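One structure is given below, encoded as C-alpha cells.
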Amino acid sequence: MLGMNKKDTALMIVVAILALGAPILLNPFPTESAMAQFNAGYPDLMQRFAIFGIFAIGFNILFGLTGYLSFGHAAFLGVGSYSVVWMYKLLDYNVIWGLPLAIATAGIFALLIGFISLRRSGIYFSILTLAFAQMSFNLAYSVLTPITNGETGLQVYTEDPQVLLGANEANAPHLFGLVMNQSSKLSMGGWEFTFNNGYYFCAVILMLMFYLAIRIFRSPFGMMLRAIKSNNTRMAYTGLNPRPYALAAFVISGMYAGLAGGLMAAMDPLAGAERMQWTASGEVVLMTILGGTGTLIGPVLGAGFIKYFENIFSKINDNILHGWFSFLPDGLEDFVVFIIHPFIGKGWHLTLGILFMLVVIFLPGGLVEGGQRIKKLITSKKDDDSNTAKTEPAE
Amino acid sequence: MSKTTMTRRGVLKTGAVAGAGVALPTIFTASSAAAYTNEPTGSTVKFGFNVPQTGPYADEGMDELRAQELAVEHINGMGDGGALNTFSSKALGGDGVLGKKVEFVTGDTQTKSDAARASAKSMIEKDGVVMINGGSSSGVAVAVQGLCQEAGIIFMAGLTHSNDTTGKDRKANGFRHFFNAYMSAAALAPVLSKEYGTDRRAYHLTADYTWGWTQQESIAAATEAMGWETVNNVLTPLAATDFSSYIAPVLNSGADVLVLNHYGGNMVNSLTNAIQFGLRDKVVNGKQFEIVVPLYSELMAAGAGENIKGVYGSMNWNWQLQDEGTKAFVQSFGKKYGRPPSNSAQTCYAQTLLYADAVARAGSFNPCAVAEALEGFEFDGLGNGPTLYRADDHQCFKDVLVMKGRDNPTNEYDTLEVVEKTPVDQVTYAADHAMFGGAEASLGTCNPGA
Amino acid sequence: MGILEVKDVGKRFGGLQALSDVNLSVKENTVHAIIGPNGAGKSTLLNCLVGKLIPDTGSVMFDGQSVLGRKPYEINQMGISRVFQTPEIFADLSVMENMMIPCFAKRDGSFRMHAIENMHNEKDIVEKAEAMLEDMNMADKKEMHAASMSRGDKRRLEIGMCLAQEPRLLLLDEPTAGMARADTNNTIDLLKQIADERDITIAIIEHDMHVVFSLANRITVLAQGTPLVEDDPENIRGNPKVREAYLGETA
Amino acid sequence: MDAIILQILNGLDKGSAYALIALGLTLIFGTLGVVNFAHGALFMIGAFCAVTLSKILSISFETIDPTQQDFLGNPLVVKTPYVHAWFGPEFGASLIDWAVPLSILFSIPIMIGIGFIMERGLIKHFYKREHADQILVTFGLAIVLQELVKYFFGANPIPTGAPDALTGAFDFGVFLGFDANTVIYPYWRLVYFFFSALVIGGVFAFLQFTTFGMVVRAGMADRETVGLLGINIDRRFTIMFGIAAAVAGLAGVMYAPINSPNYHMGMDFLVLSFVVVVVGGMGSLPGAVAAGFLLGVLESFASMNEVKSLLPGIDQIIIYLVAIIILLTRPRGLMGRKGVMEE
C-alpha cells in the first residue's frame, strides 16, 4: 500500500492508530482514581510526544542511517521556532506562513553547518556541530536579543505589525481558523478524554513525516546512507560520493528539526533560546538511542519515554505519594514514601538516569529490542531463532 | 483563544453522574460548559505551584514549595494560621476559599522557559488549576505569565526581579508581589551615597541577558543621579563559571566600586572571585574599594559564605524583620521546617494568600473578578508593611530592604543584616516610566478563558 | 598505447623514497600482474592509481585521461574498480543490497537524490543485481547479512560488486591473501572466467606465485620502489635478476 | 601590557583546570576507547570530597546556651567541632582551615576506588559496544551521580574556602616593575596552577618512565598487538581508569575554593572538556594539555574589554569558534592520531 511493503504498511497502521487514538490510549485511568497521575492524555504532553517524535525521526535519518552523530540539532529546532513566531509578528497567527518558512530556514542553516561539519567525521564531526549549536544558543540568549528577544523568549506583542490580521481572526495560532488550543471533551463513565485541534494537527504531520521516513528508509537513497555507515571506503571505491549523500541526510534531518521547532511555536506562540542549548541536542540523541537507533519506530518511542518522565514523574510529590499509600499503616506508609521520595518530583532526573543505564545495559538495541524480545518470547515456538531480525536491520 | 474550554471539573461532575448509570458518552465541544477556565465545581479547588525542582535553583524552588504548602495549610485552617492572623483583610475564614478546600499540584520549571510552560500547561490542562504561583527567574515568569494570560487563569509571580515582568511584558492576568530592579536601585542609591560618598567610580559586571541589562540600567541611572560615575559595564556570559578574567581588569580601570549584576550561581562565583582577587582589601583613588550586589537572596548568601561580609545589596523581605506579619510567618514556617524562610518563599506565601483572599473578596474564582479584587488593593500584615497592588501594572509597592553581609554571623541563617528599610515612596515610579515599556506598555484585557 | 599508462611516477614519505621512476603500461584486455618483495612499493603504486595517494612526480593516464588529483569515486566512475586485500563490503547490509549499490552507482553516477521510490521497484537494478549474484553463485545467499558470510564468499561478493559496475580496469590487491588452498583455487578459476568472458583488463598485485602464473599474461616486477623488469610470465620465471631480487628469497 | 600579562595568568589558570579534566578524559579515550560522559561527574565528586572532609572535620557536639536565642526564640544551640575539643581550639581550627589541601590525601583513594568500581562494574562491559551506547550509559551514570550528590548536599553551592594563609592576592606588578595593584593574582589560583602542572608532569612521567606506562602507551597505540604479546592489558587499563578518575578528582578538590562546589559543576565542564580533548586531538595526552591551556588563554583574551568592544559577544563563542577553526584546518585537532574515533 502506498508504495510500502506489508511489514511497513502494518507499522504505518500501528503508528496511525497510536497517533489518532492517543487521547484515549494515553488516558487509561479514570480521572478521579489515584492512578490518574499517570495519565498522559492531555493536549500539551500529547503535542510534545508528536513534536519530539518528529524531531527524533528526523534525527534518526541522519544518525541511524549514516552514523553521523550530530550534537547540534537543537539549533535547527530553535531556528524553526523563531521563524514561526516572526511570521506571527509580521503577518498573522495563521501557521501556514510560518511552518514552510521554518522548514526552509532550518534547511538553509543545516546546509551551511552541514557543509562545513561534514568535512570531518566521527567525534570531530560531533564537536563541530556542537560548536555551531552552542554558538547559536549563546548568541541568541545575549547579543542577538533584538531578533530572539533573548532570555524572555520571542513572543507576539500588541504593537507588532501583523499585517494580515483580519478583524475576526483568532488571537492565537490557528490554521485557517482552526484554532490550535481549542479542544473538545468526551466523558465516558469515570473517564474523560480531550481531543485537541493542535494535537491532531501535530499527529497528522507526525504520520506524514513517519510515512516519509519509511519511504526514505526503503529508497535507494536510504540504502546509500546505510552504506555510508557500513563502509565509507567501499562507498568511495564504488564510485559514489559520500559527502552529498551525508549532506542531504543532514539537511533533511535539519528540516525535520525545523518543522518540529515550528510546530512547538505553532502550539505555543513563544520561542525560547533554551531549546537551542546543548542539553536539548543531547536529549534527541538520547531519545534516538533509547528507542533504538536506525529503527523506524524507535525514536518515536524514545521521545515519548523521555517526555513522559519529564512531565509526569516531575509532578509527583510527597502529598500524592501519601495519598497512594494511605491504606498502609502509618509507619509503613511513611517508610514507603521515604523510599520512593528520592525518585519522584525533584528526583525525576535520578529515575531517568537509572533508566537510561538499565535500558542500555540490558537492551542494547533500545526499547525496540525490548519489544522484539517480548514478541520472540510469545512466538518462540514456531520461530527458529535469531536470523529473522538480521537481514532487515532498518525496521 | 477565547473559545477554549478546559473545564475538567465541570465535566467531571457530569461524567460521574453518567458513570453511575450506563457509560453514556458526553461530548463537550468548545464554548459550552463553564464561564471561565477551570471553574471549580466540586468541593475542592486546585492551585498550581510551578517552581524549579531541578537545576541550579532547585533549593530556592524547594523553599518556595515549603512556603506554598504552608499557605495552603493556613488557608484550609490547619496549623497556626501564620500570617493570616495578622493580615489586614479578614475575608479568609480558615475554611478554604469560598467553602472549597484548597488542593495543590506541583511542577518543575527547570528554570527554563520551555519546561516551565510545559509544566504550567499540564497543570492547567490536566489538573485544572485556577492559579499558578512560583518560579525563580524573570525569563520563566514572563513566559508563564504569557501562558496564563492566554489560558485564562491568574499568575501570581514568584521571584522575578526584571523590570519587564510588570513593565513591557505586563499582563492583565499576571501579578507581581516581588520588587524589581528599579526599586533595588532606588533603595540602594541613597544608602550607598551615605556609606561610600557621592564621588565614586563604579564598574559594572552584568549578566548578559534581559534581567541583567534592566538591573544594570536601573542601578547605573540611580547611582549616576547621586553623582557616581559609571566607568565601565562589562557583559558576562550566562554560562560563565569562572569570572577571573572579568574581575582582573577592574583594579586597573580606576574604578573604586564593583557592581555585580549577577544572580544565583553567577553571583556566588563572581563575588567569590572578586574577593579572591583581594579587591575589598585595596585602596583606590584614596578610597576603600567596595563591592555591591544589588539583588541578594539567602541562598546566594549561603553559597558565597564569608565572601559576603560587609557587601551591600537589597531584598524584598527578610525573616529578621520585626513586624507582626513577619513574626507570625517565620514562627509558623520555622516550626514546621526548622529553618527561617527565604525571601522568595515569603513572596510565594504572600502571593498564595493574596490570591485566596482576592477570590474570597470577589466571591468568585473568575480570573477577571479576582484581578479586579487585586487591582488597587491595599493591605498590611503579610510582612512587608503597608502594601499597594497597583492597578496600572499589577506591581506591589512596599518598603524595600537594604541589606549588608553580616560581619559576625551567629548561625548559618544569620548571614545578612537589615541596614535600612527604604520607605515605599522612595521606590515608587510612574506606571509609564521609560524603563517599564513607557506609554506603550499595556496590560491588555483580562482573559477569563472559556 | 595501454589502457593504463604510468609515467615516471615518484612518491616520497618523509625520508623514504617509496616509488621512483615507475613506468608501467597495462594493455587492454590483458591480465597484468605486479609483483615484488615486501616493501617494494606495490601498495603505494596501487594507491596512486586509485586516487588515495597523489604521486609527487609523473603522470597516470587511464584511457587517455589523467587520474591525478581526482577523488577515488571519480576515478572509479572513469572505469577503474578496486578489490581490496581484506574484502571491503557493506557488512551491515544484505548481500542483495551490497550488489544493488554498485548497480545504482553505474546507472546513476556518483550522486543522485532518489529518496522516495522503493529500491525494490527499480526493476533494471534488481534484475542486474540478481543476474550478477547468479554469476557469482550466490543467488541463494541473497537475503543473508553480508557480515555473516565466509571470507571466500565475501571475496566473491566484492569481486561481483566490482564487476557490476562494468569497469574497464579491475585492480586486485592480493585477492587470495589469507585464503585456504581450496578458496584460492576457486578464486583463480573465477578470475580466469572473468578474464575470458568479459571485456575487461585486470591488474593484480599478488604475493602468491601460483596465482600469478596461473592468471597473468604480463608481469611487472617491482623492487625498492622501481620496476625491475616487465615481461611475459615465461621470461620472468627464468630471469635471474628477478630470482635474485624476489624469487630468490622465497625459493 | 599589564592587562595582557594579567589575562595570560588568567588563561593559564583556567587552562590548568581544562587541561586536568581533559587529560583524564583523553586517557580513557586513548586507552579504553570509551567516550566517558561521566568524567565531569568525577571532577564534581572530587570537589565534594573537599566539601565532605571539611564537613567531617566540622562535626560538632551541641551545647545549649540559654543566654542567646535562635530565630524562633528558643535557647540557642551552640555547636563546637569535636576536633576543637580533641586537639585544642587552635590546632582544631587550623585543621578545619586546611581541609581542602588535606582532602588531596583523602580524595585519592576514594577517586581511585570509584574509578575501579566504575570500570569493573560498568565501563568494562561497554568496550565492544558502539560509542552511542557508551554515551548513553555514561550520561545516565553522570545524571545518577550528580543527583545523588544533590540529594545529600543540596543544589546550592557550598562555600569551601582555601586556608587563610593562601587567601588574598599576590602583587605580580611590583615584582615585574609595574605600579602596585596593576597585576595582582590570587595565591590560591597560583597554587592551583602549580598543582596542576605537578599532576600533569606526574602523569607524563609515570607513562614515560615506568614499564607500566610503557605498556599502556603501547596499548594506546595498538591494542591488539599488545594483547597478542600476552600482556594482560585489561588490568592495566582498569588501573588507568582509576588514575584518570583520580586526576579528575584532584582537579575538583583543588577547584573547590575557586568556585563554591555545586552538584552540576561537572555538567558545566563536560561539554567544554570534550571540546578541549577534541581540539587537542583524540587520544593525544600532550594535545589535551596544550589545547586546555590554549583555550584558557584565548577565552581570557576574549573577555578583555578592548576585544569585546570590537567584537561584541566574542567571549560567548570564542571556545567554539576556535574549535571550529582548528578542526577545519587540522583534521584531527592539534595532535590527534589518525583513525581514533573517526568512524
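By written order: A, B, C and D. Residues from 1 in each chain.
In this text, contacts are C-beta pairs under 8 Å (C-beta built on N, C-alpha and C of every residue); 3 or more make two chains touch, one makes a residue touch a chain.
Quick caveat: nothing in here was measured; it's all calculated off a predicted structure.
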Task: Give me the ID of the chain with the smallest distance between its Cα centroid and the all-protein Cα centroid.
output: A
- line: Per mean C-alpha coordinates, the chain lying farthest from chain D is C
Task: Compute the distance, rounded to whole Å, between the mean C-alpha positions of chain A and chain D.
output: 34
Message: Centroid from C-alpha atoms only, then distance chain A to chain C, rounded to Å. What do you get?
response: 46
Task: Between chain A and chain B, tell me the centre distance in angstrom, where each centre is the average of that chain's C-alpha atoms.
output: 33
Message: Can you list every residue of chain A that touches 2 or more other chains, as numbers and ranges?
response: 138, 142-143, 349
Statement: Check: chain B positions touching at least 2 other chains come out as 58, 62, 208, 235, 237, 239
Field: In chain D, residues with contacts to at least two other chains
entry: 312-313, 316
Query: Quick one: which chain pairs are touching?
result: A-B, A-C, A-D, B-D
Query: Can you name the residues of chain A that touch chain C in the complex?
result: 3-5, 215-216, 218-224, 226-227, 229-231, 233-242, 244-245, 248, 252, 387, 390-393
Message: Applying the document's contact rule, which stretches of chain B touch chain A when the two form their complex?
response: 1-8, 11-12, 14-16, 18-19, 23-30, 53-54, 58, 61-62, 69, 104-108, 112-115, 117-119, 121-123, 125-126, 137-139, 142-143, 146-147, 150-151, 164, 168-169, 208-211, 235, 237-239, 440, 442, 444
Task: Please give the residue numbers of chain D that touch chain B in the complex, ascending.
output: 2-3, 6-7, 9-11, 13-14, 17, 68, 70-72, 76, 150, 154-159, 161, 167-169, 181-182, 184-186, 188-189, 258-260, 262, 264-265, 268-269, 299-300, 303-305, 308, 312-313, 315-316
Query: Any idea which chain B residues touch chain D in the complex?
result: 55-60, 62, 208, 232, 234-237, 239, 241-242, 244-246, 248-249, 251-252, 265, 268-269, 272-273, 276-278, 281-282, 284, 299, 302-307, 319-320, 330-331, 334-335, 340, 410-411, 413-414
Task: Write out the stretch or stretches of chain D touching chain A in their complex.
output: 35, 122, 125, 129-133, 135-137, 139-144, 147-148, 151, 271, 274-275, 278-279, 282, 312-313, 316-317, 319-321, 323-324, 327-328, 331-333, 341-343
